[in-house]
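Okay, got some structures for you below.
Two complexes are shown next, each including subunit A; its partner changes from subunit B in the first to subunit C in the second.
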Partner chain A sequence: MNEFFTLMKPELLIMAILFLLLFIKISKGLANDKLLQFIQVLLLINFVAGFFLNAEGKLFDSMYQTNAMIVLQKNILNLGMFFISLLFTDWFRKCEHLSEFFMLMLSALLGMFYMMSSGNLLMFYLSLELATIPVAAMSNFNLDKKVSSEAAIKMILSSAFSSGILLFGISLLYGATGTLSFTEMPALLTSSPLQILAFVCLFTAFAFKMSVVPFHFWTADVYEGSPVVVTSFLSVISKGAIAFVFVSTLFKVFQPLHDIWYNMIMVLSVMTMLIGNLFALRQQNIKRFLAFSSIAQVGFILVGMSSNSTQGTASIIYFICIYIFSNLAAFGVADLISFFTGKENVDDYKGLYQTNPLLSWVLALSLFSLAGIPPTAGFFGKLFLLSAGATTGNYIFIGIAAVNMIISLYYYLRIIRAVFMDKNETPVEKISINPYTKIGLYICSAGIVLIGLLSWVYDYIESVVN
Partner chain B sequence: MEPGLYHLLFISAALFFIGVYGFLTRRNLIAMLMSIELILNSVNLNFIAFNKYVWADKLDGLFFTIFVIAIAAAEAAVAIAIIINLTKNFQSIDVEETEEMKY
Partner chain C sequence: MPNATYIMLIVLLPLLSFLIMGLFGRTYLKNTAGIISTCLSFISTCLAFYTAYGYFFEYGKINGVYQKLIPFNYLWLAFSEGLSINMGILLDPITAMMLVVVTLISLMVHIYSLGYLKGEERFPTYYAFLGLFTFSMLGLVVASNIFQIYIFWELVGVSSFLLIGYYYEKPSAVAACKKAFIVTRFADLGFLIGILVLSFYAGTLDFNTLIQRLTSPESNELKSALAASFLGISALTWGMILVFVGGAGKSAMFPLHIWLPDAMEGPTPVSALIHAATMVVAGVFLVARLFPIFAISAPDALEIVAYVGAISALFAAIIACTQTDIKRVLAFSTMSQIGFMMFALGVSKYGGEEGLGYTASMFHLFTHALFKALLFLGAGAVIHFVHSNNMKDMGGLRKQLPITHFTFLIACLAISGVPPFAGFFSKEEILLAAFQHNQTIYWMALITSGLTAFYMFRLYFSIFWNKSYHPNHQDEHGHHGEGGFVMMMPLVLLSVGACLAGFIPFGKFVSSDGTALVSEFHLQFSIAPVALGLTGIFTALFLYKTENDKPDKMASSLRALYQIAYHKFYIDEIYLFITQKILFNCIGKPAAWFDKNVVDGLVNATGNTTQVLSEKIKKIQSGKVQEYAVYFLVGVFGLAMVFIYMWK
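What follows is the complex of A and B.
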């Protein structure tokens, strides 16, 4: 019984917060300001508590499993969740149904936690659905806006379709191996044609959720139409969770099929980087621009995935950790500007530096980090991903990835040029940033600079993974 | 003639591809949702067939079917709620009309 509480602690904490919010809602409710502060404190406690009393083991006939690496991944996502609650304070205060919004967001997070710990395909499918259905409801939160409901319908239909394909794959895999358990699966995989077909179906579903290129069409529309909070949740937390699960399933469960998935990942990675970059070049809307830039980043995660080693896993966790800081800072700035002025176009950002120096510096820092320019953490993240990928000896592939980093510089620097150099008669007016958001922006900027320079962060992640 | 494993697998594969075809060609949102239900039901048929003819000593497949039915209902509930809201905004349930954002 005691084991149950220590092993399932991250999920139980999230569930406790969920029920607390529910009780507050049905008893008499709180004003948005107070409720938000309360939630921020709870999420901070949740993040800090993640570091204590951790254990390794399995529950429910190995349906649920956890170890030090999974706990670390959950902590990273908890940190991202806390940043989201800080950075979008203004939007949350105006939100009509704040507690419902957080309940949906936390249940999606709960689904992701179970997904990372799942040790069985049934558990995996259930938690995947728990992680996607609430997000579709969240992206419809601007009820009277056309774009918002369009984003929601695109999200729910494409995710339902992809989970249909996933289920078809699972059913064939069940027919071919007779088991659903992750621990028994690898010994039964013999690369028979039926198993390969099933694996391709599973792979497709993962690629859909991670918006790898031939399956990326929903991403840009959903990112543009949803409220910025949902966009940042999708692009940071959701994508991070799927990447973690994808890595551990490929490396552990589908290890016998390595020859097959190495080639698939290589082709998809090149396509993802190229098409993400090329489409990002021509975007005018900042949210859409960030959507395509995040597609391109997924390509780099796939480079790390191709390594098939613990070094690859460590570099992916490190990269996602940095990605949370840099992407959330960029979305935080984009949200402040679109919330106060309603402007979302790159042209509107011209001359931002004259009126809002702080926002401009944070935006510049986060874009430098996303592009991977040396003093920032993003450079080290990409360096480790590429060097992990290079261990397979396929240098042409790594060369293509490096060329893509250079292409991506162009469109990141285009925004920085608009902010700092371009003249504008009517720049965005001065925005008064509230203290919570300011703290969030400062922490994110500090993280972008420090995570790269402090070598113990990567050493710690590597020691946990090993 | 007693139907065997191959008959059932053939039917479920056909059902799956009819669902995929319907999802890709239908322009009505409700019809697209129905196509997804077809896909999910083909999966259920697959599970039952494998469970009966190949792995008769295990019950994993049967349990999975029950969960798939429940999740499909939850998904349909959220999707229909979104469709209702979309009809209010667009006065239509045709996917061709929902084109505020492109490329």
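What follows is the complex of A and C.
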């Protein structure tokens, strides 16, 4: 029994918070301000608690499994959740159904946690659904906006479609191997055509979730229509969780099919980087821009994935950790500006530095990091991803990735130029930032600078992975 | 063992000063900026003295040999098993000496600037920059790793850039800081390539390992570095030459010296700190740091060091005789003296008595820092008084500026090598080393030291004697004397140093292999240099003591030579010709054409294609979920087809 509690601690903590929120809601509720503070404290405790009393092992007949690496990954996501609760304070305070919103978000996170710990395809499928459906409901949270509902409908339809394909793949795989367990699967995989078809179906479900081209179409509409909080949750937390699961599934369960998935990943990665960059290049709306640039970032994660080594796993965890800091900071700034002034266009950002130096610096830092410019952490993240990818010796692939990195520089720097250099007679007025968001922005900026320079962060991740 | 925390503090306190002044200086510390910085600098200086004392007298010496200690080492970036970048502290005799020199001169300049820049609008910014510079310079001298030295090397360059351009309203200052930055950057490129070459062959960036691997004859690294050759010169020699190019750039050696005279546009105390005592000797320090490799494995590169040093020394001394801007005279004199240090290293061998040049070079570095800083600070006091840099506006100032006059005279005697002042001892050792190993260089050095005495006393007499001083109209009201206690105290302290530093038995502490070197004093050997020096002094006395037309007559009778020297041998013009006429026309213009038509064309074409593609993609992104599902399905089956039938 004791084992049950220690092994499932991350999930149990999230569930505890969920029920607490539910009881508060049922009893008499709290004012948004108070409730939000309460949630922030809970999430912080949740993050800190993630470092203690961890164990490795399996539960429920290997349906559920956990180890040090999975715990670390869950902690990184917990940290991201905490940042979200800080950075979007203003939006949350105005939110009419705050506790419901957090319940949905935490349910989705719970689904992700189970997904990361799943030891069986059935378990995986169930948790995937748990991670998806609440997000569709969250997308609908701008209740007075039609695009928000559209986003939710599109998300649920596309997910349902993808789930259908996934289930088809799972059943084919069961037919071909006679098992759904991750531990028994590898021995039974022989690259027969049936298995390959089944694997492709499974693979696309991951690709869909990570918005890998050509399974990314839903991303554009959903990201644009949803509230910024949901967009950032989707593009950071959700994507991170899927990437973690994807890596371990490919590296462990589908290792016998390595020759096949290596080429698949290479093709899709190149397409994703190129199309993602082309998308981002033309965006005028800053939210859309950030959303699309995150598609291109996925292409780089795939480069690391192609390495098929522990170094690749470590570099992906490291990259996503950095990505959480950089992307959330950028989304945080964009949300602040759009929340207070309604301005969302790149042109509106001209001359931002004159009125809001703090926001400008944070934005610049995060964009530098996303673009991978030294000495920000993003540079080291991409460096490790590419050098992990380079271990396979496919230098053309790495070369294409590097070229794409340079292309992406253009559109990231375009915004920085607008903020710092372009003159504007009516710049965004001075925004008074509430202390919670300010703390969040400071932590993110510090993270962006320090994670890269402190070499022990990567060393620690690598030691955990090994 | 040394206390690593103290050494870290020596380096980090100036950084703290930079951070405080940079972040809060302009808003909160307008009046106290100088005092706070000076206090931090003082603590740092005390710790540096304490460390040097401890090293030289307590724990540094084991079995009669000074050890290379590494009290602190932090693994910063690990590239591979063998190759990593560390941030560390390497404590050996030259580091200990440099710690003292840098912190001491920096402290003097901190104090002096309290008076010199009083009432400046950007006072805290100035101290912030000073802090940054001192931090980078100290980081450079304690570096345990060649990459660490490179990082701080560049930081030193940046802070020098900032300080030269301190008066950014003056176009000449802006031009000067740009010039300094570009020229040294150009040299640093060589340094970087040199580092890459060395680390490639040695497989390490750490100084101790690097030196050990590249000097022991049976090591494989040394064999492969010597075996690989390019244009008939071994890779190791190339590497060392490239590293020296970096050092020559920073130390203003011929022909990379052109930035130094212009750098005098910065505030005068800055010139004293950076362009006389500390940064410009970084090149000498670098050669000294890698000296075993130079001496044992790459003697050809060391030969180059020797000749570049000797040529720079003579060349700069000739120019210095004709300049009229007092700071420029001092700048060329600095270049000349650094040339002395360089060729002293160049003629030295590794170990024992043969290593006299090494000791002499470091000794001269030490004494020169004292008397040259003194000269610059004295010049600063004069400029502060006269509001002009030009010798022609001065004369007869000995009555108005008695303390400055006296200290300046001591410094002039020291640099001219008159016994018993500091410069005499170190220069004597250098000449002796040159005499023992390379006669050509010895004669060049001898002539140079005669010229040194001449131009220094030309400067001295023109400022303090010659005609009597008649202040200009506007200056009469704002008369402020010598600049008060804060400006005079550093002068007096430094002049004490310039008198006494020569009596330090330097060979006991600093030598090429760490063992004590007893330098013998040869009386008959000193006769020639001292006599030449005195001749120089008396010539200057004869020509410049009183106002007369002898100098002009001499200049016109040697018209051609004088003009050439006055225009600094037209080196600047040659650079301009090469860059503007040859590079711009033959490379720049074709490159511009290529860039405009081919590269831009390609970029535009890419841009257009991207636009078209984006339009196409936009059409695919129709917003209809059913279409998305179709694409999804096409994707699934496409992948399945490809991987089942084609790519297996």
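Rule of thumb we're sticking to: the second predicted complex is superposed on the first by the 466 of 466 C-alpha atoms of A that agree within 3 Å, B and C clash if a C-alpha of one lies under 4 Å from a C-alpha of the other, contacts with A are read in each partner's own complex, and residues count from 1 in each chain.
Following the convention adopted for this analysis, contacts are C-beta pairs under 8 Å (C-beta built on N, C-alpha and C of every residue); 3 or more make two chains touch, one makes a residue touch a chain.
Predicted model only: the values in this text are computed from it and were never measured.
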item: Subunit B versus subunit C as contact partner of A:I196, first or second or both or neither; value: second
item: Touching partner for A:L157 - first (subunit B), second (subunit C), both, neither; value: both
item: Touched partner set for A:L126, first subunit B, second subunit C, both or neither; value: first
item: Partner chain in contact with A:N263 - subunit B first, subunit C second, else both or neither; value: second
item: Partner chain in contact with A:S455 - subunit B first, subunit C second, else both or neither; value: second
item: Subunit B versus subunit C as contact partner of A:N140, first or second or both or neither; value: first
item: Contacts of A:D221 with subunit B and subunit C, given as first, second, both or neither; value: both
item: Subunit B versus subunit C as contact partner of A:I275, first or second or both or neither; value: second
item: Shared contact residues on subunit A - subunit B and subunit C; value: 153, 157, 161, 165, 220-221, 279
item: Of all residues in subunit A, those that touch subunit C in their complex; value: 153-154, 157-158, 161-162, 165, 191, 193, 196-197, 200-201, 203-204, 207-208, 214-215, 217-218, 220-221, 259-260, 263-264, 275, 278-279, 281-282, 455
item: Subunit B-facing residues of subunit A, complex; value: 122, 125-126, 129, 133, 136-137, 140, 143-147, 149-153, 156-157, 160-161, 163-165, 167-168, 170-172, 174-175, 178-180, 220-221, 224-225, 279, 288
item: Touching residues (chain side subunit C, partner subunit A) in the complex; value: 75-78, 610-611, 613-614, 617-618, 620-621, 623, 625, 627-629, 631-636, 639-640, 643-644, 647-648
item: Subunit B to subunit A touching residues, read off their complex; value: 16, 19, 23, 29, 32-33, 36, 39-40, 42-43, 46-47, 49-50, 54-55, 58, 60-61, 63-64, 67-68, 71, 74-75, 78-79, 81-83, 85-86, 89-90, 98-101, 103
